[in-house]
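In what follows, chain A forms one complex with chain B and a second complex with chain C.
So, the complex of A and B:
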């Protein structure tokens, strides 16, 4: 160890990161293949399945041209993925618009919703997780874990409708549906997005609270914490200054995992509030069988999800002393 | 420190009797099972029968009123128990058959098969399930068989990982070596030596997977790609009656509440069961 110098751990961290990045790239490739090949699951002739039986021969021929349906499958895949990488995602079958345009309208809205939810959920659950670790097995802890159990069990649409019934219809504090135009200002946008964001917060906070609590509680039983306690330090200082820094790695990992979950969770929540984001576009396109749009949105969701999970994985690896300092 | 430990030890002795929350959970599960099994006997009307005008308010004849088509809400909730729970149960069973079978195969059938199956599971587990289920169902249509198979395949890698890990541990044991040297076939070893030793943790996992599949199906139904109408399914009933919510009609979210209460009941029981056999994972709600 000493001979290798102080950069050895950096090297190991880089190697662990590179390994996982490579695995992530491979997964992305396989996922893009699955999404691409999913079109061939359509029964019968693809062009006819996409356009319906009453499509004119000209329209069918045009679609065959657009999707290169007569070319061999590997050519079609390369063409498609090259288009995707250049931001050319093709045109929507139902509206005839460029898919890239549709996405550039919707994606910022979804990112806004997800960020607002994360901004609420992450500090809240870290705080509640630390509080329950501080008061473990006492009233506050039981209360928090009870609420967490309830909110993980309840489906998002149930929570969403409850919030609508209480805060939009009974109290009329918030609008029941999120009406957001491209020119809506930041303040109004936040106001319109608050109920959906709170729904997502409730859906993700429970897991983060539990895991934060678990990682701090498991640290509290380690000898150096007992030492700090025997020195007579107050419990608050032991947790915040001694335990928390060492729990940051696992906690960052949990946060990244939950952000990945958040990205997928928007689908249901956006549908309830008819929030004009990617999730709603996805569900609309699924209902209309607008397959090119479904594929494009699926690809975005899947790559975000995979990249966030990858980030979680890398954080877990590089903050793990056993990876960085092997015996 | 010692005080904490001894207190914890004393507490764990008391876990033999069932805590109140878990008892309530078990009672709720029993109630749902009874509704599901005896739905035709309990429900006042048939699930698809149009019995009155739409949007009838709750009355003595229709305890929960009627839905957007004039069908009895209570009857549809009761039949919904049978349909929704039945589908979720079948899917979880298939997921265990696929994942568990592949896991046992990977643990016992040699390195190449293990590698191939494990890498396939890595990819499947990396997918966002809801998004892929929606895409695949958009392509294949939503017949009951397609629905069950799609969800079971997407859910099976978690079962695979657990059963493989458990089976690898057991097959490193001496008694498995003895059986191998005795010349028993691989199938015999799996059935008689491995399976009985990994059954208990797998049963716990079955509960976890069931809640997940059940909530997942509910979300699919709500998004319009679950069990299709006119079959009564709680998820799609929420979707059908969503317009009622904006009129402040509480009845509209009764099917959603039915889902929520069952998920809570099962999670409460699981929470207690997992505390009993500590060492199992802490993942009840996620993924």
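So, the complex of A and C:
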């Protein structure tokens, strides 16, 4: 009976996951459609953006023909989607290089920056959130909330410039720019990436701290926590074994959202630190109306959101059976 | 950092048959000779440059170059036929001398002998013809294609001689060959390979990120290529560039911000370079549509702007006042006898009333037009108010500016990098059939006079003709030219050697700069 119950539970979980994955794919499709239309609605075209304002009309016409820019939007879209379904992201209109090539350089850089920022931000936020919850409405809590809210309220570029001023120019502990090359070693890479990662940590931590605090606080007043306390369990055990597992669902959601932000929201930070990641690629491509590259980057961004949300949902379901057993 | 101004006249007699006047009256100065600095440049070191304008679409094909990052990389691996000197004069590079027939239609360029490409091949006329035709072919995507509009044929007429035939005479033609996109690469070679005759051999190139190169030990040009290796970093954000310099991560940066750069300016560990150039900013008025069909309205606008105020308040004085024509003061054809259009609200009011226009004048600006365009427009509005002229400023997005606003709206903002000679500049934007005639000002008498001036061999007579051309633009033209913008650079104080050419400033930074200690 028990075994059968577990099996049914797993099956239901798998089905829910598969359903969400399919929905994710549908979302990706819609996203690609919207982006394609949006970019083609922008004024100006790739040929003009590429050849600059002193291009001759003949050169423009030749380039348009070469890039199939004269074909109607739907034809170009079908052409593109057919390629993607065959695993071919196409070539960049502006540089003529394979998009997979471009991404293979930029994507790992962005993922590295995001992972480093996540490795700093997630444990730090959880810890500070728990500390806040335990000392709620006391000095430590106020201090943590205050600092976190201030740091998140400043625009990222301001925080970045501040960090550069103090840690790169005054103290000279870190470089003011991140010079990352494919053969840069892990240690050097971490060192070069630390300031941007700290900037991102400061930008995202407040959200996670506040959510962790709120979830734990709401649990701390529930009867079973009171029971645990009355049993005489140490505070640490009460929090880690009894409260935290039940708060994981909502926390996972917020963490996922912020992790996604670390990947897709790095445009400003990448520019300030001259970091060669996806954000810079994205800006260049929009400015040059390089639709295939914009599409590819958008697909990556959208997939990041979808995957991370899916993971958060699964975590929420695993830690809270009520999600899978709706009454 | 001291600027070297080569003052010595060329060792060679450049132009045979007394045709020196053909190249704008300028004789070439040999590169690197006559350096002001007492000691000869020190060899060695690893030079790092932080430049703007890197983008993912960067490729090594010189036909695609348009920003400082690629322009400097280009002159690190390649050479052109002609280079520009400290005063904007033409200096022989891969071409040692040039001359034309009296009709100025047929030009013969003698090439330097014994120059080797990085791959060991010897430079011949065939390579030059191939490299130039790369831009000229019918299906070429090159941005330099427009330069060859009047070229009929490019032929190798000897092992080291190239003959170029034009459809109409043009004394300014050798000036066209100073364009930074006309780098020479081997015949049948890949323009994307970065193999040339230049001071450095490329080791690594990453689009929009960086390039590294080490010295070409067999470099033919004497007194250049001092450092062992060079690293060129794309740093597009101006604050990041300045931090990189202050953090001594790079030795030289392009385009620091005059306002944000105060710290660098005051600091003796750095040198601030403010070099007059041919780059100018324009507020083009379209003469073919209302309301600017009327000359008086154009004049009203020219008098209603306080250029000196714009120059000092927006550009911190880093520039020269413009006078509604594109000829810079150092150009040999510049006429000092054109009276200056200065701020005069009374004259502005008078011409405005005479134009019969009523209501506001609409101006469309974005900083994509030129940096500081939005602030300039705001000041302009204030200045014009004193002449009781209402200028309505429309801020438009930078994205898509060149296709949606420029040449579409009757009044907007645009920058021009300038051309090596006055004739080429006027030809590029002010003649009836110029592709970039942004003001749509079309005067057959102007076109005819320019054509005549461009085939006039007597310098004095040409100067007179150019004076008349500048007067026509000054009085009647549709371009409101507030100022010529200086080129700004900054470096650590132990780096020197930049030749301050007013055209293509610092494009050859890699081969010119060296460490003093």
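Operating definition for what follows: the second predicted complex is superposed on the first by the 252 of 327 C-alpha atoms of A that agree within 3 Å, B and C clash if a C-alpha of one lies under 4 Å from a C-alpha of the other, contacts with A are read in each partner's own complex, and residues count from 1 in each chain.
Criterion: a contact is a pair of C-beta atoms (placed from the backbone, for glycine too) under 8 Å apart; a residue touches a chain by one contact, two chains touch by 3 or more.
Note that this is a predicted model, so its numbers are computed, not measured.
Participant: Which of the two partners, first being chain B and second being chain C, lies in contact with A:66: first, second, both, or neither?
Facilitator: A:66 contacts chain C only, not chain B.
Participant: Output check: A:287 vs chain B and chain C. Expected answer is one of first, second, both, neither. What do you get?
Facilitator: After superposing on A, A:287 lies in contact with both chain B and chain C.
Participant: Check the residue A:273 against both partner chains and state whether it touches chain B (first), chain C (second), both, or neither.
Facilitator: In the superposition, A:273 touches chain C alone.
Participant: Quick one: is A:42 in contact with chain B, with chain C, with both, or with neither? Answer first, second, both or neither.
Facilitator: both
Participant: Quick check for you: in the superposed arrangement, does A:181 touch first (chain B), second (chain C), both or neither?
Facilitator: Second partner only, chain C.
Participant: On the A-aligned overlay, A:102 touches which partner chain: chain B = first, chain C = second, or both, or neither?
Facilitator: In the superposition, A:102 contacts chain C only.
Participant: After superposition on the shared chain, which partner residues are touched by A:85: those of chain B (first), chain C (second), both, or neither?
Facilitator: Neither partner.
Participant: Touching A:162, do we find chain B (first), chain C (second), both, or neither?
Facilitator: first
Participant: With the touch criterion stated at the top, can you tell me which chain A residues are shared between the chain B interface and the chain C interface?
Facilitator: Touching chain B and chain C on chain A: residues 42-43, 161, 164, 169, 176, 271-272, 286-287.
Participant: Over in the complex, which chain A residues touch chain C? Could you list them?
Facilitator: Residues 42-45, 48-59, 62-63, 66, 92, 94-97, 102, 105, 161, 164, 168-169, 172, 175-177, 179, 181, 271-274, 276, 280-281, 284-288, 290, 293.
Participant: Which residues of chain A touch chain B in the complex?
Facilitator: Checking each residue of chain A against chain B gives 23, 27, 30-31, 34-35, 38-39, 41-43, 149-150, 152-158, 161-162, 164-165, 169-170, 176, 206-207, 210-211, 214, 226, 257, 260-261, 263-264, 267-268, 271-272, 282-283, 286-287, 289, 291, 294-295, 298, 301-302, 305-306, 309.
Participant: Where on chain B is chain A touching in the complex?
Facilitator: Touch list, chain B to chain A: 1, 122-123, 126-132, 134-141, 211, 215, 218-219, 222-225, 238, 242, 245-246, 248, 250, 252-253, 256-257, 259-260, 263-264, 266-268, 271, 282, 284-287.
Participant: Of all residues in chain C, which touch chain A in the complex?
Facilitator: Contacts found on chain C: 55-59, 66, 138-143, 145-146, 149, 204, 206-210, 233-237, 239-240, 243-244, 246-247, 249, 399-400, 402-404, 406, 414, 428, 435-436.
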